[in-house]
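First the structure, in the form of structure tokens, and then the observations on it.
Chains: A, B, C, D, E, F, G and H, in written order; residue numbering restarts at 1 for each.
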Amino acid sequence: MLGPSDLSVYLSGEIHTDWRDQVMAACETAGLRIDFSGPVTDHGASDDCGVVLLGEEDLPFWRDHKGAKINAIRTTVLIEQADIVVVRFGDKYRQWNAAFDAGYAAALGTPVIVMHPPELTHALKEVDAAALAVCETPAQVAQVLAYVQTGRLPGR
Amino acid sequence: MLGPSDLSVYLSGEIHTDWRDQVMAACETAGLRIDFSGPVTDHGASDDCGVVLLGEEDLPFWRDHKGAKINAIRTTVLIEQADIVVVRFGDKYRQWNAAFDAGYAAALGTPVIVMHPPELTHALKEVDAAALAVCETPAQVAQVLAYVQTGRLPGR
Amino acid sequence: MLGPSDLSVYLSGEIHTDWRDQVMAACETAGLRIDFSGPVTDHGASDDCGVVLLGEEDLPFWRDHKGAKINAIRTTVLIEQADIVVVRFGDKYRQWNAAFDAGYAAALGTPVIVMHPPELTHALKEVDAAALAVCETPAQVAQVLAYVQTGRLPGR
Amino acid sequence: MLGPSDLSVYLSGEIHTDWRDQVMAACETAGLRIDFSGPVTDHGASDDCGVVLLGEEDLPFWRDHKGAKINAIRTTVLIEQADIVVVRFGDKYRQWNAAFDAGYAAALGTPVIVMHPPELTHALKEVDAAALAVCETPAQVAQVLAYVQTGRLPGR
Amino acid sequence: MLGPSDLSVYLSGEIHTDWRDQVMAACETAGLRIDFSGPVTDHGASDDCGVVLLGEEDLPFWRDHKGAKINAIRTTVLIEQADIVVVRFGDKYRQWNAAFDAGYAAALGTPVIVMHPPELTHALKEVDAAALAVCETPAQVAQVLAYVQTGRLPGR
Amino acid sequence: MLGPSDLSVYLSGEIHTDWRDQVMAACETAGLRIDFSGPVTDHGASDDCGVVLLGEEDLPFWRDHKGAKINAIRTTVLIEQADIVVVRFGDKYRQWNAAFDAGYAAALGTPVIVMHPPELTHALKEVDAAALAVCETPAQVAQVLAYVQTGRLPGR
Amino acid sequence: MLGPSDLSVYLSGEIHTDWRDQVMAACETAGLRIDFSGPVTDHGASDDCGVVLLGEEDLPFWRDHKGAKINAIRTTVLIEQADIVVVRFGDKYRQWNAAFDAGYAAALGTPVIVMHPPELTHALKEVDAAALAVCETPAQVAQVLAYVQTGRLPGR
Amino acid sequence: MLGPSDLSVYLSGEIHTDWRDQVMAACETAGLRIDFSGPVTDHGASDDCGVVLLGEEDLPFWRDHKGAKINAIRTTVLIEQADIVVVRFGDKYRQWNAAFDAGYAAALGTPVIVMHPPELTHALKEVDAAALAVCETPAQVAQVLAYVQTGRLPGR
């Protein structure tokens, strides 16, 4: 009790599994009042937004650049608004943007929760060191958020 | 989805065309929830506010100075409140205040979207370099804002 | 139009005339949506709060000190929350706290409006230099605030 | 009057007496509009949260570490959101976390109210020096908060 | 010992007595390493700088305004560079600029030392409340600075 | 006296006249200790740096973009290090980058000195309103800097 | 190699043992270039500074208050100047000021190293959670500082 | 000319090639005055520092955690001191710490230069979007730094 009545949480990182849906569903089931946000999870839209919105490019570098900057508008606004940033690293892809978001949030002093499988521990040790919680599953993320808002542990 | 549910956007720059109305209308048609703000677009009021509100001046310098400072109250408050600043440069006038607003927003870390015709590219290269999107039309600005809030590209 | 829909204004300085009431009444008449705040204007309460709330003191210095610090809780919170700080200097009293508030707001980058009779111009030149508007009457303050929120000048 | 219409207050420190309930009840009786928050006051949950939420630990150091970091998510969010931080020191326990919270709030420029019995004055002199009010009872804390919001002293 | 090896101290306020010289001489005698700065103490130069440097003005308001802004360049730079700000209030003049400087320094989190005769205690209670030391004489200011740098009290 | 012993001044704006040399020569003649910096004044180098350093581009937009961003490294570092920013506007070119620098410095709270011919007053009124001195000649800029550092007016 | 060539380290906390001398001697032996600072370690001077420098007080509360505020000038300046803050907790005394300093440094984003005997682990878990290294001995503190500056581990 | 006389550059990222030596040698040959810093490039020391300095750990997670936090002391200090951060991504390893550093620097407003082979463009597009220069070779990094400090392009 006496926790934050309104909580904004940005869900950064991996966009190829349904981990965001799992976290949000678990929080909704638990009756939490959390305003979730996240990156564009439609991989095609995220990659193409620059050229679709602002015009085609011949070179892949500028094609990527235009799109990444438009996505950065969104990410900057949402991370600045967030009380907590959750960053998910998966087995696939290099996900440098996820680590970038974690560094950005850490520099702002915003609490970071990291979620990754245990076999990534050594590779992610610097990111984990900046985090206030290191989870392995969406259910753990949801329980940590529940504890932050309600002060109650599961089953107590 | 998962975008910013509330978004404050300041529309800086040119006040002699209806580009703001076009951006706002397009965003409303798209069903976006954006709180727009902007400078006083009544050119006469913007120029005269100092002497009308606080007393006449003999010298043009102080007449301008008094007015510009009152407008600065408004601009400062609105840019500080904005999540995104859009800056429009047109063919006419020097619009140094638009570039000033862009620099102010950039220093605050607020995302900047620039809109100008392509023939101004070389003259505006430093401002463009600080922006996260460079648009040519109000429709593009609206579509970028739509993507930021909804994560959806037009026609998909 | 397109001005700040919500505006927080702190009314600092002189507490022995009804200038705050005049500003607020004029803004209400003009239909503005402004959330006003200010110091405790009950002079006795403001002076006595330290010893009434936290216990008597023998020495005047500590009596004043305890009270001034409690008032500082209030002032700090309100100036931090304010979009604009209005500071009124009158003929009587030294009102160093008003000038202190102006310096505090200026350092935060919050726009400052000053109100004082013209005969104080030389003595207040440093404070005026940090202000974005220098008014003489409550009506002027209200009109400046109206222009900031609505973009309209009186009589136009 | 003219005080902060909405006020967020974080109640830090001692979790073994009902001082928070007393402060909140007194504020509610006085009709104040304050959004209170505080640490998890279930001592067991606060101590165990790390291992319950994120997995058992063999060593007490890491068991404590995991829990303290999860509690830090909550504390960081709430202190950043608070307009005022109240810190209570009691006779028992060392309560270094309470002093840590006071230092954290002071560095943010957030007003700090301290509450402790008079016999702790010498030991707490550095914390008291950073506070804007030093109270002895929950009733005093509530009265200070009432004065901050309403500008009225009790019995006047 | 173990104090700040280099210390920048800004001496704000009254310019009509030799209190700055007294503070600096006492610190030099004590062997302190302090980089002192302060406002322009040539009253005429301080008042005239605007019109002498940037051209005459007909109206006293703008004459003062131009000068006060040029002095503000100096003051802003020096207060931002200072580790400690000392503010002296005397019997004469209203010295609103001194109180402005105190508020500015307080908002930056820079420690403030105030110096004034005891009869000004009630009028300066808000400024004193924001200060970390309230002195009456230049000798006291110098001794406080000596203690800050050397950790030694006089005569010990 | 008692002015800033070391002063860093960034000279922004027009690169087609020798105004920087005039300001620096006058300050050197006056015996000032100022560390001047400024943009790359070799117009060709400034325009070409992107493609020369990082590879050719087909499109003018990206050619400009690459160069402007490299220049932004320099500008960002130098404006952050500067105690004062001087911005010069001339008759030719639109110099939006100069206004951008002024806005950037203003948002950082760094004092801005503007220099421009009087016929630009109306067009530059918003920039002038954010400046602490508006000069017309390099000699005036140098004299303002001399006053800031030495507290002495010319001829006194 | 490639470490910070100059490093400022503030040694906070316990003043009744010679742990500071041990840390500094070990760093000097290792040839490190570190500028150490710390609180006044003459307990009597630290307690008496308020009344010795600014005049006697009848009440212990104000006697402590005056002294603690003067010490706060020193502490504020030194912690703001420090790159790293080391905080030592011992068996004796409650050392709330040490925890206050740790919280202050943490809010500034300054790295904190904590040193305490293992039996204090549970009581200090919140402070440890905010630290980047938890040491037990002065030799460990010195070795961590050596590694930070030189990148070399002992015996390698 | 007129560039930054002193420049601090942090070289983040890949530690398995000699790219830092190449950048530094090229800058030294060019006569630049740059104070370089970087992470510990002795992989073993970087991995082992936690347990060597602060005691062995049974679990790999805590072994990594202790070490990563000690390295974070160093990284935090150096990135805060740096005027420019260069981040190198290579083919091997995931280098999430490099992306974390880039995000941290970006949030501080510190200019970022990225260096990576072109085949990583798509994977690094978000990091590139936050950078002011994207290089492929150490020679390019050195030339960009040379241009920032001297304003001269190679061969001109």
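Keep in mind that, in the parts below, a contact is a pair of C-beta atoms (placed from the backbone, for glycine too) under 8 Å apart; a residue touches a chain by one contact, two chains touch by 3 or more.
Just so it is clear, the structure is predicted and the values come from calculations on it, not from any experiment.
*Asks:* Going by more than half of the contact pairs matching by residue number, which of D-G, E-G or B-F reproduces the interface of B-C?
*Replies:* Checked against B-C: the matching pair is E-G.
*Asks:* Could you classify the chain B-chain F contact as same or different, where same means more than half of all interface residue numbers appear on both copies?
*Replies:* The interface is built from the same residue numbers on each side, given that over half of them are used by both copies.
*Asks:* So chain B and chain C are the same sequence; what rotation in degrees superposes their CA atoms, nearest 5?
*Replies:* 90
*Asks:* Would you kindly tell me how far, in whole Å, the mean C-alpha position of chain E lies from that of chain A?
*Replies:* Going by mean C-alpha positions, chain A sits 49 Å from chain E.
*Asks:* Between chain A and chain D, tell me the centre distance in angstrom, where each centre is the average of that chain's C-alpha atoms.
*Replies:* Each chain's C-alpha centroid was found; their separation is 30 Å.
*Asks:* Taking each chain's centre as its mean C-alpha position, how far apart are chain A and chain H in Å?
*Replies:* 25
*Asks:* Which residues of chain C are in contact with two or more other chains?
*Replies:* 69, 72, 107, 109, 129, 132, 134
*Asks:* Can you check the complex and tell me which residues of chain F touch chain H?
*Replies:* Of all residues in chain F, those touching chain H are 11, 20, 35-42, 44-45, 48-49, 52-54, 66, 69-70, 72-74, 76-78, 80-81.
*Asks:* Contact residues on chain A for chain D in the complex?
*Replies:* The contact residues of chain A facing chain D are 1-5, 7, 83-84, 109, 111, 113, 132-135, 140, 143-144, 147-148, 151-154, 156.
*Asks:* Touching chain A in the complex: which residues of chain H?
*Replies:* 60-61, 64-65, 67-69, 71-72, 75, 89, 93-108, 118, 121-130, 134
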